[in-house]
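I've put the structures underneath this note.
In the two complexes that follow, chain A is the common piece, with chain B as its partner first and chain C second.
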Partner chain A sequence: MKMNNIIEISDLTVSFKGEGYLLTAVDNLSLSVIHGETLAIIGESGSGKSVLGLAILRLLPDTAAISGSIIFQTQDILTLSEGMMEKIRGGKIAWIPQNPKLGFNPSMKIWKQVSEPIVLHTDSSWSEAKKQAIRLLRQYSILPPEKWAEEYPVAYSGGMLQRAMLAMGTSTIPSVLIADEPTKGIDAINKKDVIEMFNTQKERGITQIIITHDLDFASEVADRIAVMYCGQIVELTSVERFFTTPLHPYSVGLVNSLPQRGLSPIPGTSPSMHEKQAGCRFKSRCSLCSRVCSEEIPLFPVGYDNVRCIQYHNRNRAW
Partner chain B sequence: MKRFILLRLFQTIPVLISITFIAFLLMMVTPGDPAEINLRAMMNTESPPKEAIEQMRMEMDLDKPWYIQYYSWLSRVLHGDLGYSYQTRKSTVEEILRAFPVTFLLSSIAMLFSIIIAIPIGILAGIHPNGKLDHLSRGISIIGLSIPDFFLGILGILIFSITLKILPVAGYKGPEYLILPAFALSISLFAVTMRLMRTSMAEVLEQEYIRTAISKGLDRGTIIRRHALKNAIVPVLTYMGTQYGWLFGGAMIIESLFALPGMGRLFVDAAASRDIMVMQACIMVFAIIFIIINLCIDISYYLLDPRMRDTHE
Partner chain C sequence: MTMSGVSSIITGTGLGKTYQSGFFSHQKTFAVQDVDIEIKTGETYALVGESGSGKTTLGKILLKLISPTSGRIFYHNEDITDLQGPELIPIRRKMQIIPQHPEDAFNPRWRLSRSIMEPFLIHGQAQENGGLKNVLLELLAETGLNPDYAERYPHQLSGGELQRAAIARALALKPDFILCDEPTSMLDVSVQAAIIQLLLSLQKRSTISLLFITHDLKLADHIADRVGVMYNGHIIEEGSGILKSPMHPYSQSIVRGHKHQRPDQSIPSHESCPFVLQCPNKTEKCQTIPSVTDCSGRKIRCHHPFKYD
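Our next item is the complex of A and B:
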């Protein structure tokens, strides 16, 4: 493991066995997360980005078959005992769940749910944690926080719940924060607060993994971008280069589909995850597709970046 | 909270009025002339004289239109006068006060069996679905649901009263006389409660907020106690609440089998001898029990599930 990496994922495969099919959500994926960076994992729904996030915290159901390794600091998360995992979860690696409406316990007051990680991972008492929770709610513009702290999730709107979720995820100071779609259901005004919050966390030295399909948001907070397609990383690059010179045809498509680039969509839909894929997963939607694309394609290094497309084969030497 | 309870109480008024009307209707639709039935018991003869019957009909207001009858009957009921039993000549209120505690105790003990045994087993089975305990409890439930309560009662008498001689056969002289009947009465409630608790618990543990709780680093025990239990128990409580009313009314067969002088027995005996005023009183007691139970369920919902509060306030 390199000194400056906080998480090193090697050959991670996550699959779910159903009746008559094997769904491979994460396909032999390797990825290193650098200490202190904010890495955005982008991709469309079903590309396996959420499953990857859940795998890092070992939050997947028992039905998931997981292989490979996820080294956090010095330990392989996949081999740790449940007791060790409980210390890591919430304390060292915090998680912001995707669905705020379902992610909160409906019969527990918000302040208590926000305070739970504080009480668990610091020396604070419940009353100290409550004060901290109210401070956090205020920080996320849930006003007046004293009133809202005493409410149950049912009283909150979707956007407020999302912000309360962010308050809960950032209530302790973890080493790594994994956020799954943190801008879902948040309007433009509040999104500024969310961006500011992630940038503050970054200044504090917290490594952040942001799973999102909101490219604008990724451009505001991320240092690096990993593009996921059908369970694989197809491009790993810096945020600047992703928006100026995307390499993979899929990345090019994503950038061109942004409103400011003329909203041109990528033709076709992503292939069904239920079938075993061979070669380039994007080939059926790619205008540059050739016969070699049916062969398994590795991530090719291109300068500082990595890209999984045959047209960049041997490009590194020319760089 | 106060407003909510008041509102719910207010809503029971039309229900109560309809019940008095239905109970009154019973007198109109029951075959046989109430005056004649009353006289037969009073004079201890099969065919009371015609004039006496006419006299009785007038005394009982039976010659008046139904709405006058209903009015005078209702005003008597509202003054606490539920009439008297044609059979025993005792006031109906007295009969009810004698029978009510027996059935109340019987159904409460049956309910207690389910609460202290079925709910914990259901919780444990739900935490480990398809584990050993889950399979065992599923087996018990199927047997429990398949055996009729009276059969289990007879089986219980054979085993515990006649062979082992540790419990009394029948009658009612003390609380030990209620153990076997309560056990027999609780069997289907026990079976369903156990399965319902298991399913509810297993379902709650699959919810996203449980994953949120895991992601905070909470241990399994805390997650179950703090996050799962309260949410899982709400549907079970509702079910048990509604079933309490059924237990109360359904105790007829068990009370007859074990010769317990409860409400069910009272009602069956009254029906057999067309003792209308006693039947009317029994129906109203059953109805009021149901209303009180539903009120309790609503209040417990209000306390346990914050989602209910918004819809009421």
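Our next item is the complex of A and C:
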């Protein structure tokens, strides 16, 4: 494992077996997350982003078949006992779920829910944890925190709940924070708050993995972008280069779908995950598809980036 | 009721909606306040604003899904404000809605064919459109859906496909006005682009007027002929090119990404400008509510709008 990597995922495959089919949600994926960076994993619904996040936290159901390795610091998460995993989950690696309304217990006061990870993962008592929870609520602009700490989730607006969720997620100062679609259903005003919060966490040195399909949000918070399509990473690049010179035809399609880039949709739909795919997964929608695209291709380096497209073999960004 | 030679399809004058809650406290929420709006035939009008600014309430008032507390609604110059029940049925045929969450807008126990064709049954047009099966296939083709999908259940479709089905259902009775309530906010960026292009191409083909509700100003600016910016129940700026040259201080704050606090909706803004507490341009004059004025082709509710050369 390289010194500056905090997570190294190698050959990770996650599949779910159904009646007469095998659905491969994450397909032989390798990815390194650098210490202190904010990595955005983008892609359309069903591309395997959330499954990847859940695999890192080992929160997938028993029906999932998982192979490969996920090295966190020096340990392979996939081989740890459940007892060891409980110490990591919520302590060293925190998870912010997609819907904050569903992430809170509706019948428990907010202070107790924000304090819970502190009590579970440190030696603090409930009264000490409550004081820390109130400090965190203040830090995330839930004002006055003493009043809001005593409220139940129902009294909070969507944006406030998202902030409370981040306060809870970072209450133990985790090494890694994984957030699943933190801006889904949030309006422009609240989105600015969420951007500010993620940037604050970045300054606190927390490594962040953000699963999102919101490109505007990714452009504001991420250092690097991993583009997922049909369970594979098709491009790994810096946020600047993703928006200025995207390489993979799918990345080009995503950027061109933005209103400020002409709102040009990508033709067709992604292939069914129930069917076994061969070669480039994007070939049925790609205008540059040729005979060679039926061959399997790995993610390979092109300049500073990594891309999974045969067009770049022996070529250097000559698109 | 015409402006610039183009007839208006729907007009609201002095519209207001106040909600009252609490058995004893009678707490009031001023959701829409003194709004004048005119949507022209064949135009795309986008309403932009943060959550709680009154966009959806205003859209539903225009559709007569909510009764206004004050003001009048005109559909093709006919006052429809006081119409009730059966009197509204002919108008309901012509005004449709595309929801934000298509998964909640379909009966999960019905096949899509039944949901999409339901408007024909409700409006008693089953006989006059004898070949219902053909109409269904036409609607599916028009919205880019595979004909086999007719026999599927909602859970068997993706979010984008289900939104296409919702559009097919909205088009079934050939409406001339469609309210699109954040139809793409839950969709992936590439699917969002496909749905919007579909709506715009359908609009061009059959001269439908669209009222597009969104909180994405970039999207609104790209697709709409005119944009109305809502704040605290008021339309505070209306016109085209707002993204490039916002004139109202609130519009400028959302374009520039400045932070501001949400307004207190329990206080009516009859007396002072609704944005006065956070406005960089405020003066003593702003303690009086500004009227809507024409300014460089825009309608502005502000005493001190920004000016551009």
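Keep this in mind: the second predicted complex is superposed on the first by the 312 of 319 C-alpha atoms of A that agree within 3 Å, B and C clash if a C-alpha of one lies under 4 Å from a C-alpha of the other, contacts with A are read in each partner's own complex, and residues count from 1 in each chain.
In the analysis below, a residue touches a chain if its C-beta (ideal position, glycine included) is under 8 Å from a C-beta of that chain, and two chains touch if they have at least 3 such contacts.
Keep in mind that what you see is a predicted model, and the values were worked out from it rather than measured.
Asks: For A:88 in the superposed arrangement: first (chain B), second (chain C), both or neither?
Replies: After superposing on A, A:88 lies in contact with chain B but is clear of chain C.
Asks: After the superposition on A, what does A:46 contact: first (chain B), second (chain C), both or neither?
Replies: Touch partner of A:46: chain C, not chain B.
Asks: Going by the contact rule set out at the top, does A:264 touch chain B (first), chain C (second), both, or neither?
Replies: Second partner only, chain C.
Asks: Who does A:145 touch here: chain B (first), chain C (second), both, or neither?
Replies: Once the two structures are laid over each other on A, A:145 reaches no partner at all.
Asks: I'd like to know which partner A:249 touches here: chain B for first, chain C for second, both or neither.
Replies: In the superposition, A:249 contacts neither chain B nor chain C.
Asks: Using the touch definition from the top, say if A:107 reaches chain B (first), chain C (second), both or neither.
Replies: In the superposition, A:107 contacts chain B only.
Asks: Shared contact residues on chain A, chain B side and chain C side combined as an intersection?
Replies: none
Asks: Which part of chain B faces chain A closely enough to touch in the complex?
Replies: Residues 207-209, 211-220, 226-227, 230-231, 304-307, 309-310 of chain B touch chain A in their complex.
Asks: Across the complex, what residues on chain A touch chain B?
Replies: Against chain B, chain A makes touches at 57, 59, 82-83, 85-91, 94-95, 97, 99, 102-108, 113, 116-117, 120-121, 152, 154-155, 168.
Asks: Tell me, which parts of chain C touch chain A in their complex?
Replies: Against chain A, chain C makes touches at 50-51, 158-161, 185-186, 188-194, 196-197, 215-219, 221-223, 254, 257, 259-260, 262.
Asks: Name, in rising order, each residue of chain A that touches chain C in their complex.
Replies: So the residues of chain A in touch with chain C come to 44-46, 158, 184-185, 187-190, 192-193, 196, 213-215, 253-254, 256-260, 263-266, 269.
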